[in-house]
């Protein structure tokens, strides 16, 4: 299955990690997604952020920290760069001051990747970016979703009626027919809420909301078995909000909630995605201005690598 | 039970979290505790600190981070602001350079709250602040205590005879008849000690000292069942020293000890207080000059919210 | 001229600076501007920021650092709180995710202050906030402006046609008839530019653009004499972008340019405003997520105090 | 067994922790190891670091944070300073710019300690420092090793043939006959790898490589029982790379890998060394320039204390 | 004049700066001041601090940063270690929680140094430490003072009557007859003040108060000529409060005031002390918890070296 | 002179500064220097650092901060990208653990650039990198040098005889006939020195050493007129060590010395290079692990832009 023409990362045994231009996984930077199986792409946009902005700086720092990744997954022995053609296609051209234009640009940029036949694995940006990505990815019909997050992000409106914020993407996605709520599961939800019925709308649509406390009680493997069953065999979006991880391990995010997953658990969560038919995935809400010691960006980069391995396995299996 | 005249926090769906004056939980600032069920109060004083000062800055930063709290507890669905009248009564007027005057001022300030009929939920400040709070709270007789901490704080004297430091409050409280050692339990104690018999005095008084290692072995639920049994039905003080949490999750404190509780465990600890007759509670030793990314203050604010929910439930149950 | 009913700040010889609720200059928080000569107001909004957001957090941190201010200016011996009635009227209610709604809310909030008869002294927020403030202040006719900044902020559009960013407010203000370019001077402009003719539009309107290098050569007193002559006797807006100060002294800002004013020079600049008929003033672009050790917020708070003294002198003189 | 002539640390109940010259455990600084049972020694050298240097600053900050240690282990009640003669013998004189000279100097310095009859407990420095220490310690024959690390450090060469880096010490030690691979166990290995066969060489030599995931599955006690069995009764080196701990708890290191041990687990790991015949031990890869809030140095200092207790018990038992 | 038996610092061309135990100027640590011309001594105490504590940590960090100093002053070519016998006598044993005991201990510790015949050059600690130092130094009669500071520190009382704070030492020193106000000059005073007559008491005693603005206008040389004339030939104390330097260059201090001296000016100020008969000197108010990148401690260490050169020159001249 | 085929930077009015891959000045990344007038190149190597390493990370962070640069110099109106063909040729492939191999690799990499006919403008790396650059640049005969630095870097050996460190490059360069000392001037030298004769060797060779104090006294213009006269018309190397700037403005460096140039002065220094025949230039010693808020990298990037403008003017003039 290995193809010697696939893009390869720079080898840190030859060129130290701090040297050279910074790209995702030290892969080549390419102009477009043609010929790629998986396109790593940045979405430096946080126009939907209601509290602390900064996720616009996420792609740059995740790229920097992804220089720590090597070629092989030590547990699964997956070699993503040998079994799939992967590259860094750069950042979507965004508009930081115009929300609706920003959404359009992201959708257009992602549509180009999807139409080129690549699976987009994107790095946000705030969680509203997932909405235009879904508009591109779910053009042919709704997707399911396995969603790791501290927040359900299914609120209705903010600030006197604004429908588009990073707290509302999945309500909009369901309303627009992009997301199949019956094939959607949210994992790690926690933190104080606005109202006792805050998650009722999500549940009424059929979304399965699994609180952090339930994860602690049941364990990762059991929860993920349920998640895989919910997603089923259909096309599935995986959205990983870095704030599902505890803020001591991922402080660089806009809406931290204590009591989250450890990174060890987060890695286990992603590894349990094996076999899911992932059509797109993202890591969002890494906000470097609030980070310390690059630890959030490193966590984001490592989760990105974990997702890459799982997706590449699927690519190879379906080839 | 809901009373529409109760104070309500500013709603972040209308006014963003970074806007407006900073108060505990975004509640109104009121002049005194009259009419309140629970008084949130700051004690910006660290005059008893033997190593790294800074807890004097705790109330301000806990207020700032408490702007992240919302109205409802996501697990218990408790709505503290609907079932109890709660407000921010400001900070006790302290004296940073005179230990004895500091103790007097804190006692006087807390006495006013207690006499107004409100349950004080205070934010320190170092742990010596608990002593004058107890002098106010236990005026009518000794209280029991459920105490979360890395340290027993039952030493005798420091620096050639000083009886009042943040390492001695509970020895003084027992000596003064404020604290009933037989109804006292200390949870999470750990770290190297001065002498093999360091905790013998506490145990001889009847205090139950539960080391971190025992908590790990037995689990939160079991330990807390014992704690509730020890506290019994009597009036109980809950003291939460932020250094019971691991310093990677709460680095902003004066005497960090590795190997502590996770915030997830800390939340579970507090939730297990349900049913305890809490007459006063505190969160102490948040020292912002040593914090990173506000994570200690956020942990403190969230624990404050957890305590608030438990206390409000009790208020409503007893109404 | 002293009026014993004027609002007074908390005295740090009685209550330490770290204690109590945080307001501008430790003044009382009031609900509206009625009866005030000068209204200190926050505008926590950075919706026009094209690069690094964060000025939305400016008012909170400037409030915190303003606790370092005392009652009397040590050089001029001005006692602002004795000669003018001043208070903290809180923050404008903003909308962080909708640029046009944000502009409207700021204008409305500022209009209320102006109509109450108070001079608004606002703390941003990014520099686009000055546009809606001017819409409120210059309702009766265009104002002049003395503008301290590294950037002229008279660009036309960004990102394919957006007319409203923090790089365009003064072009818009001139187009809308709010700002009289012939009575406008920009001081401290520096840094690489987009095009050789970047400042030609401003100059063609009659704006006097004084580069940093000219300030260094001529000295503060000479430059400010010219500035006062340009502003003349008419109503004048003073806008102080914190990035006019060197980024080593004010790192917490979105668009730092090395080679700026020292804080010593900045204080001298503001003191030279004495006698100017200031109808409104602001300190903008303090972005705490990029600050270190609170030094930018402290510089902002001190400049705010300097402006307050100059404005209060004018109030007293005109009374 | 207690000997009143043993060196004793400064008592923090008499002299506050922030006062006085900084030494390991606040012990006396002595010129050489004569008469000591255990010599605490710094090796401020990171000449073998392939990515982020900084471990050269490790000894100074570990000394600073070790001022937080007290005299008695709270679980085992071991009093290391009463049962063994321990002191701080200072830092090895190193050469930061000459790798081979650096290795020679470290070996010579450690040889002096070993020949004086003391067990060296060293603080690095990067992991290449362990090689020259082993050259001194294993002069009489190969040692076994219990090795806590995220990385196996058994690579062959870097950068076109360099045999000496912090990624290669244990391959060199085996080749040089210093380390008995059949008595060697590596615990906590994790993170992406360069090649699927990366650990095959180590396994082929007989090293037991226990991945982090296996530790999670089996638990600390079980893994350490196996480790003790592997080390057996022979002379054993204990090497503790701080990056075995999760980077949220030990960010100050050169090659962080998420998903590591908690400090609570790390303490348990070291306590399970009881009974092992430790002839030398180290704590390496603490890199203060990348640390936050001193938490990595504090973790390193506490692990150093845990190791000290275990080694002192052995000293006392064999006396 | 050179004496080969004088203590010498470790040479960084042989032992790198990051290696070895940390002492002032890398000099030997000695037990007492006997035989020394100049005793470098730490006073880790901030019990008089009214706002942000932290100067207790000053000596440790100034020691660390003083490892950057070399043997010869590049402008004056003074070689302090060749012309005077200098060593680090450690820290005064302090009491962090008892103000009056703290003052007594400092006085006693300093008296020992003075009685041993050494000139004390101390590192605070907050500015109240200067009072007990003066009690030791001025036992034989009042001293003059050249005082660099942002604040006059001649207030009367705080917090309802406390006479001893870091804002009051020089009023107390004058009242106690330790300080001759007619031979006292304060340089760099600035920042908002409590009352228009704040400095009147000082001036009434005869102290010459030179504001920052006057220093800017007249220049360093002219101001210092006046200062030398005021001090005259009598015994003179030099007190250097690090907050006389601008907070962008010395952020790690408790009461920062913008608009201060640059470090370049500060060095020039100290060099102009040549010829003054200095009987004791200090560098105070370095508060590491508020520092960034060690820059305040480095500034403090360099000023300490500058003072050391000037004092050593005097020692040699009078030998 | 403008050539429409020249490489152009990404325009921040179209693509925000935080978006896209990070290159010097947002220029295209090219594989080699063929066809370029000026090659921007990184040398991520600090193998010669005797104290605090970290300059290996310099190129990456200078690239990041150079995204703040625009197209035109605001004072000279130079448009470097219109008058010269400029691109980012990436980083030299280095060896972080082998000093001599590192020097060879740098020389080889730079030789390729020089032989392609481009003027190298490099970003270090520590100052030892200048030696191999000179070996490449001065192949045809010695160059003159205008050198901005706190240190002369003309020491002989370190650590018992090592000839190659970042304190020795210019002694080696003179010995190797690469540098003409009579055409060499060092500007801004300051800080304590190892010996009174430390700079005598340099002066004996004919180097003109201008201390910081002389710069302050004479002013930038006068000093630079002398510098230009010393360099004359011959080929000249410009070396800008970031530590010539004050550590409050450039804290991210290995050997900070207080009392340095302001960035305003530094910009003036570089602008005065106009007319000098620059054959190569560098910005060295930016060490991001010690930086705060990216301010050192921003200063480095801006100085890089200033140098680029001066060099491009020369290129255009000589075309």
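We call the chains A, B, C, D, E and F, going by the order they appear; numbering starts again at 1 in every chain.
One rule holds for everything that comes next: a contact is a pair of C-beta atoms (placed from the backbone, for glycine too) under 8 Å apart; a residue touches a chain by one contact, two chains touch by 3 or more.
The shown structure was predicted, so the numbers you read here are calculated from the model rather than taken from an experiment.
A.B. asks: Between subunit B and subunit E, which partner chains are common?
C.D. replies: Both-contact set = C, D.
A.B. asks: Select the interface copy of B-E from among A-D, C-F or A-C: the correct pair shares over half of its contact pairs, counted by residue number.
C.D. replies: Of the listed options, the interface copy of B-E is A-C.
A.B. asks: Using mean Cα positions as chain centres, tell me which chain lies farthest from subunit D.
C.D. replies: Taking each chain's C-alpha mean as its centre, the farthest from subunit D is C.
A.B. asks: Could you state the distance in Å from the CA-based centre of subunit D to that of subunit E?
C.D. replies: Those two chain centres are 41 Å apart.
A.B. asks: From the C-alpha centre of subunit B to that of subunit F, how far is it in Å?
C.D. replies: 55
A.B. asks: For subunit A and subunit B, let me know how many angstrom lie between their CA-based centres, rounded off.
C.D. replies: One centre to the other, that is 38 Å.
A.B. asks: Indicate the residues of subunit E shared as contacts by at least two other chains.
C.D. replies: Expected reply: 14, 16, 18, 50-52, 56-57, 96, 158-160, 246, 248, 262, 290, 292.
A.B. asks: Which chains touch which?
C.D. replies: A-B, A-C, A-D, A-F, B-C, B-D, B-E, C-E, C-F, D-E, D-F, E-F
A.B. asks: Give the list of subunit E residues in touch with subunit C in this complex.
C.D. replies: 50-52, 155, 157-160, 189-196, 198, 211-213, 216, 246-248, 251-252, 255-260, 262, 290-292
A.B. asks: Along subunit E, where are the residues that touch subunit F in the complex?
C.D. replies: Residues 11-14, 16-18, 68-75, 77, 79, 246, 248-249, 262-264, 266-267, 292-293, 295, 298-299, 302, 305.
A.B. asks: Any idea which subunit A residues touch subunit F in the complex?
C.D. replies: The touching residues are 14-16, 18-23, 29, 42, 44, 56-57, 59-60, 63-64, 88, 90-91, 93-94, 96.
A.B. asks: So in the complex, the part of subunit C that touches subunit A is made up of which residues?
C.D. replies: Within the complex, subunit C touches subunit A at residues 46-54, 56-57, 95-99, 101, 158-160, 162, 164-165, 289-290.
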